[in-house]
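Paired with subunit B in one complex and with subunit C in the other, subunit A is shared by the two complexes that follow.
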Partner chain A sequence: MNLAKRRVAKLKLSLIILFFILLIWSASKQTGVSLVELFSNLSNMGALLAQMFPPDWSYFNYVTSAMLETIRMAVLGTTFGGIVAIPFALFASRNIVKKGWIAIPFRFVMNLIRTIPELLLAALFVPIFGIGFVSGIFALAVFSFGVIAKLAYESIEAIDKGPLEAMTAVGANKLQWIFLGVIPQVVAPYMSYFLYCFEINVRAATILGYVGAGGIGLYLSRTLGFLQYDRVMSIILYTFVVVLIIDGLSNRIREKLI
Partner chain B sequence: MEKVIEFKNVSKTYPNGTQGLKHVNLSIDKGEFVVIVGLSGAGKSTLLRSINRLNEITEGEIVIKGNSITRAKGKRLLRMRRDIGMIFQNFNLVKRSSVLKNVLSGRVGYHSTLRTILGLWPKQDVTLALSALDRVNIKEKAYSRADELSGGQQQRVSIARALAQEATIILADEPVASLDPVTTVQVLDDLKRVNLELGITTVVNLHSVDLAKKYATRIIGIRAGEVVFDGSVDEAVDETFDQIYQRSGKGQGAEANSR
Partner chain C sequence: MMNTTMKKPLMKRLRNWTIALIVLIIYVWAFTGFFKNFELKPTALQAAKAIFSGMSHPDWGYVSQPGGEDLLHALLETFNIAVLGTFISAILCVPFAFWAARNMNRYRFVSSAGKIFLSAIRVFPELIMALLFIKAVGLGAFAGVLALGFHSIGMLGKLFGESIEDMDFSAAEALRACGANKFQTLWFAIVPQVMPQFFSYTLYRFEISVRSAAILGMVGAGGIGAPLIFALNAHRWDRVGVILLGIIVMVSIIDLISGAIRKRLV
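Showing the complex of A and B:
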């Protein structure tokens, strides 16, 4: 009996492994990926890297204003999105809004928005708001809304219901109940999600320029187009440093919050 | 004596058909220290929580100081709840907030919504909250975060919250069930002192017979949603508790039903 079970489990495992090998093989076949090509072209990659060094250090100065714009876009985008996310997260939580059907449309909107990648959002907003950082801010705001609202409503649903009961018992009305019972319990996780989203947004904002939504991405695409690989390298390095600093700071603050 | 809480033929049937309370008739006077005893599942919590309508009843009426809370709606219900403090088994404090903020939250019923949600408490409220903390001997913890306190201290904060409410009734639902014996005595001493000094009518759920005998002025025994004993501590002899806890054997109560 036990032996038979074990054999079935073994068979299952081998079938799963076989399935994945098949999946990878067929995917590479369809897309035309080949390891041979990768290795035979290694010299090209080397040549490209050689062109990237030394980086054009003077270019740092030139793109600083664009880099700052990138960070500003991330700050504003996260803030707008984060603010709009608050009421949505509250309305989507079943422990806040007792009538279950109210949560459904809010959750639907949240889920719908979360399926759209930020680059696509930016591409959609550029024709509406024109080329420049405004489109980028809106794209990031919508994206942040999706991320923060989802995470926030999940942590609202997980709060301790004891204080809520206590607030009901002291005769608090619904707003007082939310502000004194719910909000103090979710401020820290909310801030943490906000910062996490800001980190994502800084990274995302660096490529939004590709579709004309402002920031350093514009310079990245331009220098790549002109084959100025030394400048590309300095943009990459610059971005790397900025993202590293912001992630570090944000992580530090998030640790303090918990 | 002034009647503070009256149960008039109160029944509660849960949606699944279980009877939580069966035709309860009770009248509690001002200043009494009532302890409700019974097996877990007998309906003690249901009874207590129906007083401030954390639980709704399905039949009958509960009257608080002459006004029906059963029929109270909207603002009126909130106003009635404001005068009833509640102590919970798990303290139910906002753990991340300071002790003082937790105590001040008892004041929400006295001010405008805007003022309370912005936390703009008047000075006399802060003074009141601090003196409430002083009364339960933890004034020095006012600015600590609630989760830094021990269980017994947290429970005293929740008593202070009820005092800040200027409640005339305190309901305590198993207030010492998650405390050790020493802090149990401290918390019940606090409740008793508040009851005596301020004349706050107090209704407490306990499952310890010894504690009930020690603190109560009146004991109400509940079995399977029915009041099976109601009398002074002296009247509550061992046979009484045997009856409440069905120790004599073949009684069919909540425990038996739940199987």
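Showing the complex of A and C:
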């Protein structure tokens, strides 16, 4: 590398660092960050944490049905989203749909949906479907659709062209081509994304109740409202255990799939 | 000959059938619960219509108002919360990443404990974290920054820990062999190797943090969430529409920029 090039690289690096420092400085100025405030009031937070212990163990029994409902929400939400994602993923792949412009609207919808946080989706569905887990299912379905469709179309675009060309050569029609050439190649990654999304959804489902969309989140917001922090802690612990178990199972299945 | 190659061994078939049965049972259980409780409120269609008509006529007046209580200020605050939260967690997560990396600890149980600790942080809901910090520093954006900063440690620590585990140590060994001290090996062999991934993961987390920051305000931790929840509770769908649009535009722009940078990094 010659000297001039090196100097340009150095200048670029220092400009980037300067930009970052300015960004963080202005951000902390505007959000009112003050370490003094944090450390002088840390005892308040400690008091709240102290109220969370010991957790109310008897509450576990009480919220088990809500926990099952949470898992049910995640299962159904992921399933609905995953099914709708399949045609979208196919239409968004440039190697399936040969005309490039067809993919654009499908990708646009997918990207649009992925920008909306789940909790917000749930808050929009609650006035329509009412308080309860149906709203949660639809919110999770919309969200899972975005995630799975995107991951799936990326893996469809990466498939091996060989079998497809062979099928075209022996005169397969488009449907045969998709069902026997494309789908078998992407089933394993699709299942893996499905499970990955299911893991995310279990986590998300636990807080969706905060806006009224069913599951254990309803109890979370209720106990928080009544300042029953020991019960809040038992809900958190319960969630932790369930999420760990589901993540563990799902990870093992995913490792086998790929 | 044909039959033996076509049929899978008995054990494998048995296993596949069991898996299919388990999946079937899960779905039967899930759907029975769904249909038992599924009922559309008579007002559902009306509500959907109201939401749709409100969202299709966004309240443009809210975008910028004199006095600063408007969409652009709230979005800027959300962005700032995400920037600072990600920055804090990117620094704080480094020791946790080394703790959770298997090849950095002599004993397996140490790194396993680190991994469990990180997943505990990940599972602890951000909203509750925000409530805790609101108790400490009061309502406002600072609580959101702290909540995001601590919550993101869980994910960044895990990702960084994994990239430390995947690291190639031959460069570090070569440097050590020709007499570099510990600091020099760290600086010239390890840091250049993990830095691109480190930044890429941080940017990825930043994209997620922007979305989180957008909802943290629902519990009072600053950003766009507070006006959003007010508009939702008041059924002001035109305002919900404009806020939603604002979030979509901001998140899309950030995703685009950050995605472009990440592509160049790795």
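Assorted remarks:
What we mean here is this: the second predicted complex is superposed on the first by the 256 of 258 C-alpha atoms of A that agree within 3 Å, B and C clash if a C-alpha of one lies under 4 Å from a C-alpha of the other, contacts with A are read in each partner's own complex, and residues count from 1 in each chain.
Note that contacts are C-beta pairs under 8 Å (C-beta built on N, C-alpha and C of every residue); 3 or more make two chains touch, one makes a residue touch a chain.
This one's a predicted model, so the numbers in the text were calculated from it and none came from an experiment.
Touch criterion met: A:L119 reaches subunit C, while subunit B stays clear of it. Of the two partner chains, neither subunit B nor subunit C is touched by A:N2. By the touch criterion stated above, A:G181 is placed in contact with subunit B alone, subunit C being left untouched. Contacts of A:I128 after superposition: subunit C is touched, whereas subunit B is not reached.
Counting the residues of subunit A touched by each of subunit B and subunit C gives the higher count for C. Of the residues of subunit A, not a single one touches subunit B in one of the two structures and subunit C in the other. If you check the complex, the residues on subunit A that touch subunit C are 23-24, 26-28, 30-34, 37-38, 41-42, 44-45, 47-49, 69, 72, 75-76, 79, 111-112, 115-117, 119-120, 123-124, 127-130, 132-134, 137, 203, 206-207, 210-211, 220, 224, 232, 236, 239-240, 243-244, 247. The touching residues of subunit B, counted against subunit A in their complex, run 52, 54, 77-82, 84-86, 88, 90-97, 101, 105-106, 108-109, 113, 116-117, 158, 161, 165. Across the complex, subunit C meets subunit A through its residues 26-27, 29-31, 33-34, 37-38, 40-41, 44, 47-48, 51, 76-77, 79-81, 83-84, 87, 119-120, 122-125, 127-128, 131-133, 135-138, 140-142, 144-146, 211-212, 214-215, 218, 222, 228-229, 232, 235, 240, 244, 247-248, 251-252, 255. Residues 160, 162-163, 165-173, 175-176, 179-181, 184-185, 187-188 of subunit A touch subunit B in their complex.
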